[in-house]
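Labels for the chains are A, B and C, by order of writing; each one numbers its residues from 1.
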Amino acid sequence: MIEAKNLNLFYGTFQALNDISMKVPEKSVTALIGPSGCGKSTFLRTFNRMNDLIPGVKIEGEVIVDDMNVYEKGVDVDNLRKRVGMVFQKPNPFAKSIFENVAYGLRVNGVNDEKLIKQTVEESLKQAALWDEVKDNLKKSAYAISGGQQQRLCIARALAVEPTVLLMDEPASALDPISTSKIEELIHELKKKYTILIVTHNMQQAARVSDHTAFFYMGSLVEFDETKTIFTHPVKQQTQNYVTGRFG
Amino acid sequence: MKLSTKKKIYQGIAFNLFRLMSGILVVVLISILSFIVVRGIGVISWDFITKMPEDGMTKGGIYPAIIGTLCLVAGSMLFAFPVGVLSGIYIHEFVKDNWFKRFVKLMTNNLAGVPSIVFGLFGMSLFVNTLGFGDSIIAGSLTLGLLALPVIIRTTEESLKSIDNVFREGSYALGATKIQTIRRVVLPLAMPNIITGFILSIGRVSGETAPILFTVAAYFLPKLPSSIFDQVMALPYHLYVLSTSGTDMEASRNMAYGTALVLIIIVLLLNLIANFTRSYLSKKVKH
Amino acid sequence: MKKIFEKVIEGILMLSGTVTTLTVLLIIFFLFKEGIGLFGKSPTEEGFTVAVNRENPVNELSTDQIKNIFDQNIHNWNEVGGNNDSIILFRMDDLFNYYTEEELAGIDTNMNLLTSKIDEVIDKNKGIIAFISSKEIPQNPNSKLIHIKAIGLGSFFGGKEWFPTAQPVAQFGVYPLLMGTLWVSLLAILIALPFGLATAVYMAEIASPGVRSVLKPVIELLAGIPSVVYGFFGLIVVVPLVQQIFALPVGETGLTGSIILAIMALPTIITVAEDAIRGTPRSVKEASLALGASQWQTIYRITIPYASSGITAAVILGIGRAIGETMAVLMVTGNAAVVPHSILEPMRTIPATIAAELGEAAKGSLHYDALFALGCILFIITMIVNLTVQMISGKRTRNKLR
């Protein structure tokens, strides 16, 4: 169960998120849409406290992951990030082999059992639908595979540490259409096991992959409902304008 | 032990170790500076700066060395600044990105890496002997100028690179030629950074000893230079002489502290001025 | 009119653009022109020569052998391939040991008398080796000139002794200087490396902007302090300290030089390494953190490996700076031109040798040429260092583009 309660976020004096409350349904895909600068990426990054890295950030309110407020004092951020996986806009594999990329999360979290690591790497790559393509080249550099494969590698890397939640920040925006459709298929598979939050610019993609959709505008959550409702019968005029492309 | 605690402990140890080592660096710098300031501050006076050395350089002042260093700085910059800036402009604005540009850049970087004593050898061979200047201000200035060239060229290039192409295009769109555009639009914008590089290279030049050892520097001269073909004393060489080969090392120790402090003050001042011009002039250009 | 003016300006610009290339080429030309003069020449002082008895089968000696003969390390001709005769040394002054003053009366003005007397001595002593002025070469068939092997690359780089003013033959062995340079520079880098890398990582990844804004000018200042000032500080503070701590007869040692050089090489290492560490893409670091890695794990598992080529470049550049540094090293290392056995001995580096001796070497003399040859070595070493660094950083930009 993940949830935001009365969440406010400031960059210095600029308020980037404005009193957001939202319950994200478990084991399903929730899409965050909205124009650039609406705060959707910032909101996504509050769930694994990635915004902490930006100097001058101030956060009020609560973000609940697994029945715990992640902004409470004394929360182990490293552990939180292990439970909340993240996939980034552009594929960002490490300058290591394919195998070591997936094994990385295990190693930094104290797993030493090579047999277990091997097994987990294989499972993760299978889950990410990449195993068949790379199983003979696990020692190859991660930079040697295509962009689409790299992105699936990054997903496998996130899955290896067995998160419950998966955050995806425009995961297909840097990919070609074929790779994009592969990622979307994968998201369909993954929602059986994981709660997925995905930020996207691409309305069709949101319609294709998500069960619920949240529309953000100027740092506020305008509307949150089932995807088919948002795309066909939105309550708010702003949402209607955005999804029909009459926005701005 | 819990994994997260272990990770925190490792991180704590590592970060504090790094903090400590950076701290040691600051302590080293401060102790060098304060050592020389504390011992030298009592020596510095109006007389110290304006009097000739007396009693085998154990008393009096360092006036001729100051004048000598001024001559060398002026001479070297007179040569290196225009040539360096022109060279930077040529490399950045005129040469297309081809092998020639890469080669010229390679050579500039190589020149920057040549040890200063090799500049000394070269200056002696070319300016002192082959061109027949003898040990003179002109030979020393040219040698120092060559040493400062790569620094000036690189800062010029960097500052030109940082100027957005819209300024150039805007000027071209009004029918200005390339040279006009560079002179009236690009250079004024690049000036603050170029000046900063200029000031820092003055600092470098005024502290160099090895290149002037055999091209200009004199152990002791009873009078000031009267032409560019005269030898001069220079601050860094004077400090070297006072601390390793003076007539009476114990007695001239104070003079050495004073000279070292003067050198440090020069570097400090130039650094301050450079930082000031960087921030002040660039603000002024923007508004 | 305007066109011509612009063409002229462009010409001037182009001329200035080639100035560094021209300078590098001129440096190579002048350095090597003088440096090459050392080779293929006989290492005896000009106007002097070495002669032996006519019947001595030895025709040629190396500089090393001559030195050992005159240092009385070799006592018998059979040690250098001759007969079993013990060696008798003869210098000009020794003439008075063979003749009374009366017999030598008027010798200052009478060249013929001098020549004949020397020849007589050489004739009488089968094992003699005479170091004499070439004007006094006896025309008499009783003596013969020894051919001294010319200075070659082998004896230059392999020679274990640097003694340019030695008689009868100067010794130009670079080996001790090369070793001194390497020992002092490499130890300096060993000292500087942990501090340099730690500070670079600290500034790039850990320090708050406030702390960084203090550290940055500190490092710029360290870079700006003239090397004589470092040398002076070393002489007055570090030299006595080293002497006391290790209970040495003198504090001017290789270690002292290394400590000062380490401080001087730090700004280079820190600046270049920090730039490299900052070059690690943010997204890669975030990916590591998002997997639950701590900041420190991210630094040593992701950031540092990613920046490794830049860090290597920083280290090599630091070594280059240390090898070329002159004044500070000259002032604190003690300058003994011997092959080092311990870092606590006085040592002499190549740049320090040039700085210390060029003032005394007459232009065009062998000594002068030898110092330029040292300059050539230094130039070649720094060239290699620069090219390596540029190759590494060139590779880095290509990797980034991919």
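Operating definition for what follows: a residue touches a chain if its C-beta (ideal position, glycine included) is under 8 Å from a C-beta of that chain, and two chains touch if they have at least 3 such contacts.
Note that the coordinates shown come from a computational prediction; the quantities given were computed from them, not determined experimentally.
Colleague: Name the chain with the Cα centroid closest to the overall protein Cα centroid.
Modeller: B
Colleague: Counting C-beta pairs in contact, which chain pair has more, B-C or A-C?
Modeller: B-C
Colleague: Centre to centre, using CA atoms, which chain is the farthest one from chain C?
Modeller: Looking at centroid distances, A is the chain farthest away.
Colleague: Roughly how far is chain A from chain B, going centre to centre by Cα mean, in whole Å?
Modeller: 52
Colleague: Need the CA-centroid distance for the pair chain B / chain C, whole Å please.
Modeller: The separation of the two C-alpha centroids amounts to 25 Å.
Colleague: So, what's the distance in Å between the C-alpha centres of chain C and chain A?
Modeller: 60
Colleague: Can you tell me which residues of chain C touch two or more of the remaining chains?
Modeller: Residues 294, 297.
Colleague: Counting only residues that touch at least two other chains, what does the list for chain A look like?
Modeller: In chain A, the residues touching two or more other chains are 78-79, 109.
Colleague: Using the touch definition from the top, which residues of chain B touch two or more other chains?
Modeller: 7
Colleague: Could you list, by residue number, the parts of chain A that touch chain B in their complex?
Modeller: Interface residues on the chain A side: 76, 78-79, 109-110.
Colleague: How about chain C: which of its residues touch chain A in the complex?
Modeller: It is residues 209, 281, 283-284, 286-294, 297, 301-302, 305-306, 402 of chain C that touch chain A.
Colleague: Applying the document's contact rule, which stretches of chain B touch chain C when the two form their complex?
Modeller: 7-8, 10-11, 14-15, 17-19, 21-22, 24-26, 28-29, 32-33, 35-36, 82-84, 86-87, 89-91, 94-95, 103-104, 106-111, 113-122, 124-126, 129-130, 146, 149-150, 153, 177-179, 200, 203-204, 206-210, 213-214, 236-237, 239-240, 243-244, 256, 260, 263-264, 267-268, 270-271, 275
Colleague: For chain A, which residues are in contact with chain C within the complex?
Modeller: Against chain C, the touching part of chain A is residues 48, 50, 53, 55, 78-86, 88-90, 92-96, 104-105, 107-109, 143, 154, 157-158, 161, 167.
Colleague: Using the touch definition from the top, list the residues of chain C that touch chain B in their complex.
Modeller: The touching residues are 2, 6, 9-10, 12-14, 16-21, 23-24, 26-27, 30-31, 33-34, 194-195, 198-199, 201-203, 206-207, 214-215, 217-222, 224-233, 235-237, 263, 266, 294-297, 299-300, 317, 320, 323-327, 331, 351, 354-355, 358-359, 363, 371-372, 375, 378-379, 382-383, 385-387, 390.
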